[in-house]
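Once you've had a glance at the structure underneath, I'll fire off some questions.
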Amino acid sequence: MFFASDNCGPAHPAVMQAVMDANTGYQPSYGDEPLMDEVRSQLRKLFEAPEAAIYLVATGTAANALTLSTLSQPWQTLFCTPLSHIHTDECNAPEFFTGGAKLSLVGTSDKMTPADLTQAVEGWVLGDVHVSQRGAVSLTQATDKGHVYTPGELSALTSVAHSYGLPVHIDGARFSNAIAALGCSPAELSWKAGIDTLCFGGTKNGCMSVEAVIFFDPKHAWEFELRRKRGAQLFSKHRYLSAQMIGYLANDLWLENAKTANARTAHLANGMRVVHGFELLADPQANEIFANLPRCTHQRLQDAGAQYSLFGPLQGDNPDESLSMRLVCDWSITVDQIDQFVRIASGKD
Amino acid sequence: MFFASDNCGPAHPAVMQAVMDANTGYQPSYGDEPLMDEVRSQLRKLFEAPEAAIYLVATGTAANALTLSTLSQPWQTLFCTPLSHIHTDECNAPEFFTGGAKLSLVGTSDKMTPADLTQAVEGWVLGDVHVSQRGAVSLTQATDKGHVYTPGELSALTSVAHSYGLPVHIDGARFSNAIAALGCSPAELSWKAGIDTLCFGGTKNGCMSVEAVIFFDPKHAWEFELRRKRGAQLFSKHRYLSAQMIGYLANDLWLENAKTANARTAHLANGMRVVHGFELLADPQANEIFANLPRCTHQRLQDAGAQYSLFGPLQGDNPDESLSMRLVCDWSITVDQIDQFVRIASGKD
Amino acid sequence: MFFASDNCGPAHPAVMQAVMDANTGYQPSYGDEPLMDEVRSQLRKLFEAPEAAIYLVATGTAANALTLSTLSQPWQTLFCTPLSHIHTDECNAPEFFTGGAKLSLVGTSDKMTPADLTQAVEGWVLGDVHVSQRGAVSLTQATDKGHVYTPGELSALTSVAHSYGLPVHIDGARFSNAIAALGCSPAELSWKAGIDTLCFGGTKNGCMSVEAVIFFDPKHAWEFELRRKRGAQLFSKHRYLSAQMIGYLANDLWLENAKTANARTAHLANGMRVVHGFELLADPQANEIFANLPRCTHQRLQDAGAQYSLFGPLQGDNPDESLSMRLVCDWSITVDQIDQFVRIASGKD
Amino acid sequence: MFFASDNCGPAHPAVMQAVMDANTGYQPSYGDEPLMDEVRSQLRKLFEAPEAAIYLVATGTAANALTLSTLSQPWQTLFCTPLSHIHTDECNAPEFFTGGAKLSLVGTSDKMTPADLTQAVEGWVLGDVHVSQRGAVSLTQATDKGHVYTPGELSALTSVAHSYGLPVHIDGARFSNAIAALGCSPAELSWKAGIDTLCFGGTKNGCMSVEAVIFFDPKHAWEFELRRKRGAQLFSKHRYLSAQMIGYLANDLWLENAKTANARTAHLANGMRVVHGFELLADPQANEIFANLPRCTHQRLQDAGAQYSLFGPLQGDNPDESLSMRLVCDWSITVDQIDQFVRIASGKD
């Protein structure tokens, strides 16, 4: 009953097999291996983006921070929601890699609206040397509350951003889950909706540690390569990053894993709906559930070894007090585990 | 006939097996998995350093830059040789991670002497607010020319550094090769010789991508953890770093691989000694050979598909002109390949 | 009728005279001149802080950014209000000088409360390596809306900060105006209220360009000196900074100027109260007025050459529409100018 | 007898008068005052550069560091001599303001040659992502040893730099002294010789604290303005910087002061030539003398209150030991002081 994070599950056997397959003989280092050519070719095809500049790095924070720094100047402010991972969970990595850019928080929830974005951008007066200059917009897809932006919602946001000359970045650690939820194509959910660069996550969805950075316009390619090296993310034995991505792309594993994770999440949410005191805090659209449960139910679950994020003290006088939680399903969670969790929550186990 | 770099060879099967073994079920993320406890325990034992703070990162540049930044202030100058990797091959990563520290070049070769170091440190006047302040000393072991510092040589250098209050760091991408060459213990070649922190390389010597950072004095532990996260080197599915190191440490694979690589290098150097026009530029003590060969011999080798670093133009009028080269043996190079290389160089093939 | 900013007025003749007096013969450079000893001595006496480390820099942004960087680590977040100058008017200078620290915005107005501060600090979980670490608190006194914190209010805030181990900084570009408004001593409004460091402004209140940085605990002194030099704020002919401060401190000019500016502001506010459509947006406690006026009144004032910050378009269909404004009185503004302004606003001129 | 530094002398009365003249009434702040228009106009005329972008900052370190950062990327290496002020005397300010660029040291003396520069630039392989990328070239004029580059020497160096696409910067803290020494025009010694940007010093040559930054190609203007603000060097009461420069330019004071300083230096060198044991270490072409004197002569001078930089211990057994020294003449030093110094050195006083 492991719902703590999609970072806690294993890598998919097909990814591991691809890594093993790559482990033969000598290969050029630093991304010059033929396998990376294959990655580039496949991702360009998948995204219908024959000109895209494509790179691999090993962590989501690296993907975001290096990409944003390439799109930014240190005297600018980036725009993101207050719940975005780059603001809440990266210990100032964006500020570090950009050389001191500011993050301006847009709106109050996990999804920003065009009105929110307009207001935030207008908050920094154009052409005034005293203020932070307007910089890139960063969206999270799927969001940090498990929601998705539709292509139409993205287009509306990128229209605003582009009207100010600002590029748009997607933190796509769970981009595959968004695709799985929306049923649209990768192109529809990225450049066709005006997205300039995408961090396409692999780690949370079945890989060991690999994220693809995709610049749909390759003009920043060389700068990114320099920033990647200087940022200590250019891997010498790069073939193992490439191999993971090869395994991830083959047979649409990236999509199948995401569909599985989303379906399991829906199954879990559905099962929990009848549990006493269970209240959804957000509509689960991808692979995360944010909800409330009574303390006594949490105690039962945790006693049974269930693992998930609990926000609030497990110990307390009031057994009926509602405490919020996050439940994440990765591609490897089984229906049995979910059903067991629901049974325990229901008091039936 | 692959002598281009120890970055081009495969990972050892035992390392890969350890990674596969780790790929089961759910595990805590970000280094909290039990496997990392095991890594910590084994490295402390290997280094006879029960208090050491130990971390894993994925690239040598990350290991060096994060460690040096933890030991430094941005208004200081680090001290390293002009041939050190941190100066010549990291695209300003040390300057970036330290927030703008300077690198002062010590001496003129790959090994610094106490006199060189003293002169360099004295070059920056103590207590003068106008000048770069004296900072950490960085040594490379084995060096960038394939040499090793003996424990005595290290002690002499750390004595100088410590007399000025400066900590000493080792870039140990090829530390195992130095151990194999010298036959001393890891402790003798590190803290017992006054070394404060060591980057203990795995990638070049049989792993996919893992380097251990060892602070023999744990006082900087928490700062390093923050710098690692902010520097985008804290891996979510950290178990795969841990597993590599587990496989690398088991049965002294780290040492066996290094011994093999060094022995192959000696075999190659020995074979080449009789080749017409072959001149060693440096005494090969670890797994690198720097030497000259006539252009026509280079042409023969390259025509036969040999891969190595050639410094100078392969095309040229004078077939007898001497051009320098670097030959690196990794753990996986075979005696057959070496012998074939020598035969071709000798004109016997 | 110049109410645009206290940056637009002249320096006080006594300050200029002190500068002229200092312009004789040779003097040690870089703050080693005897005049700086005198500054240090006088400021320590004024603040009843015999141990304080005291430095001069030339701009308010430099004073704030250098001081905050000395109190911070680059992986921390500073805490300030959304209206604070360091957030709204310094083009990422704090982020730059700190090496990439974040600014967390506390509350929603120009004055933070202990509850606001507690909530903001608690928003960053202690000991979690993924999040920005808790850092220094920065208060502005007088605030960016012309308000003042009382000693009691400061003590309540510093108690919260210190309970978390966080130092407290004051951006005191208008600290003198706060002293003049409150009638308390400099010590009461700084270290006695728990303030750790103060930027004591001179520029806006009668100097050319000088700000004193006061560390009540001198433990950071040498680090600040290095940061000042590296930050390009160590003046070679430092005597001219010292001389300004000497002229500013003599005969309590700093206080007299502030009293004058505050009194003029009160006179202006009082005069405007009867003007049709005039609405105070904030209680003017120091030397700034934030208020509304009808568009037609603005037009009359601007046609007459009055200078001040108008927020909103002067041109517009509705002459009665209320547009907000900022009026600042510096020490040199005359009662005549103020009365003329009021007469024009009243339609009597 | 003050020969310690041109930073120790007073400002010229004409500069002070201009500052006093500017101290009347209200003026726009932050460089928008009419006086700055006048500065811009006069400097463009003086340099025959009608398109130049021109800014004022307050310290030489700020001028250099901000200008170099505008010309550079943080993954580049700048090129300068090992004696350059930006390397030896700015406590990593260039590294800080550039975001971590490296300084590569060119040649071994205070003047670099085209061959030195070519060798240094070629040392960093083009297009290799692993190495520091080639960046701006920084020259010092007059140099840190009191020498000057002729227009021909500059052209030869800028030709090399431009052949690699690298911009050339001049640290011109003593640029006026070079003009005075060479008798050529400011244009001949800057853009006509291929210089891209010049820091035109005022502080050392009769001002309080002002340096002009001149971009002969204005394409970097807005970026520089942002960097200046973010670097805390945009002065609110900017009029006092402008006024100094106005006073400095009027009646060619900048040139007259430099001529005086150079002439005094020549007079001093001439007088010293007959002093027992006096050995010039470098040909004094501007306003600095580097020379040796016996210890006993130093003792006599210092006993008499002479102030200058002495390199080596005044106390010592051997009264005849030669110790080196630096003597600097500013515009205000008198012939009497010089003659007195020479008399004491000669043992005639």
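Per-chain residue numbering starts at 1, and chain names A, B, C and D are given in the order in which the chains are listed.
To be clear about the criterion, a contact is a pair of C-beta atoms (placed from the backbone, for glycine too) under 8 Å apart; a residue touches a chain by one contact, two chains touch by 3 or more.
Since this is a predicted model, take the numbers as computed values, not measurements.
Q: Give me the set of chains touching chain A intersected with the set touching chain B.
A: Of all the chains present, those in contact with both chain A and chain B are C, D.
Q: More than half overlap in residue numbers between the two sides of the chain A-chain D interface, or less? Answer same or different.
A: Comparing the two copies, chain A and chain D contact each other through largely the same residue numbers, since over half are shared.
Q: Tell me which chain's centre, taken as the mean of its C-alpha atoms, is farthest from chain A.
A: Ranked by distance of C-alpha centres from chain A, the top chain is D.
Q: Given the two chain pairs B-D and B-C, which is bridged by the higher number of C-beta pairs in contact?
A: By the number of C-beta pairs in contact, the winner is B-D.
Q: So what's the Cα centroid distance for chain B and chain D, whole Å?
A: About 42 Å, centre to centre.
Q: Could you put a whole-Å number on the gap between the CA centroids of chain B and chain C?
A: Centre-to-centre distance between chain B and chain C: 52 Å.
Q: Name the residues of chain A that each touch 2 or more other chains.
A: 30, 74-75, 90-92, 96, 99, 129-130, 133, 226, 229-230, 234
Q: Under the definition above, what is the set of chain C residues touching chain B in their complex?
A: 30, 73-75, 99, 129-130, 133, 225-227, 229-230, 234
Q: Any idea which chain C residues touch chain D in the complex?
A: Contacts found on chain C: 2, 4-5, 7-11, 13, 16, 19-20, 23-30, 57-62, 65-66, 90-93, 96-97, 203-204, 208-209, 226, 229-237, 240, 307.
Q: Show which residues of chain B lie in contact with chain D when the two form their complex.
A: Listed in rising order, the residues of chain B that touch chain D are 74-77, 88-92, 95-96, 98-103, 105, 129-133.
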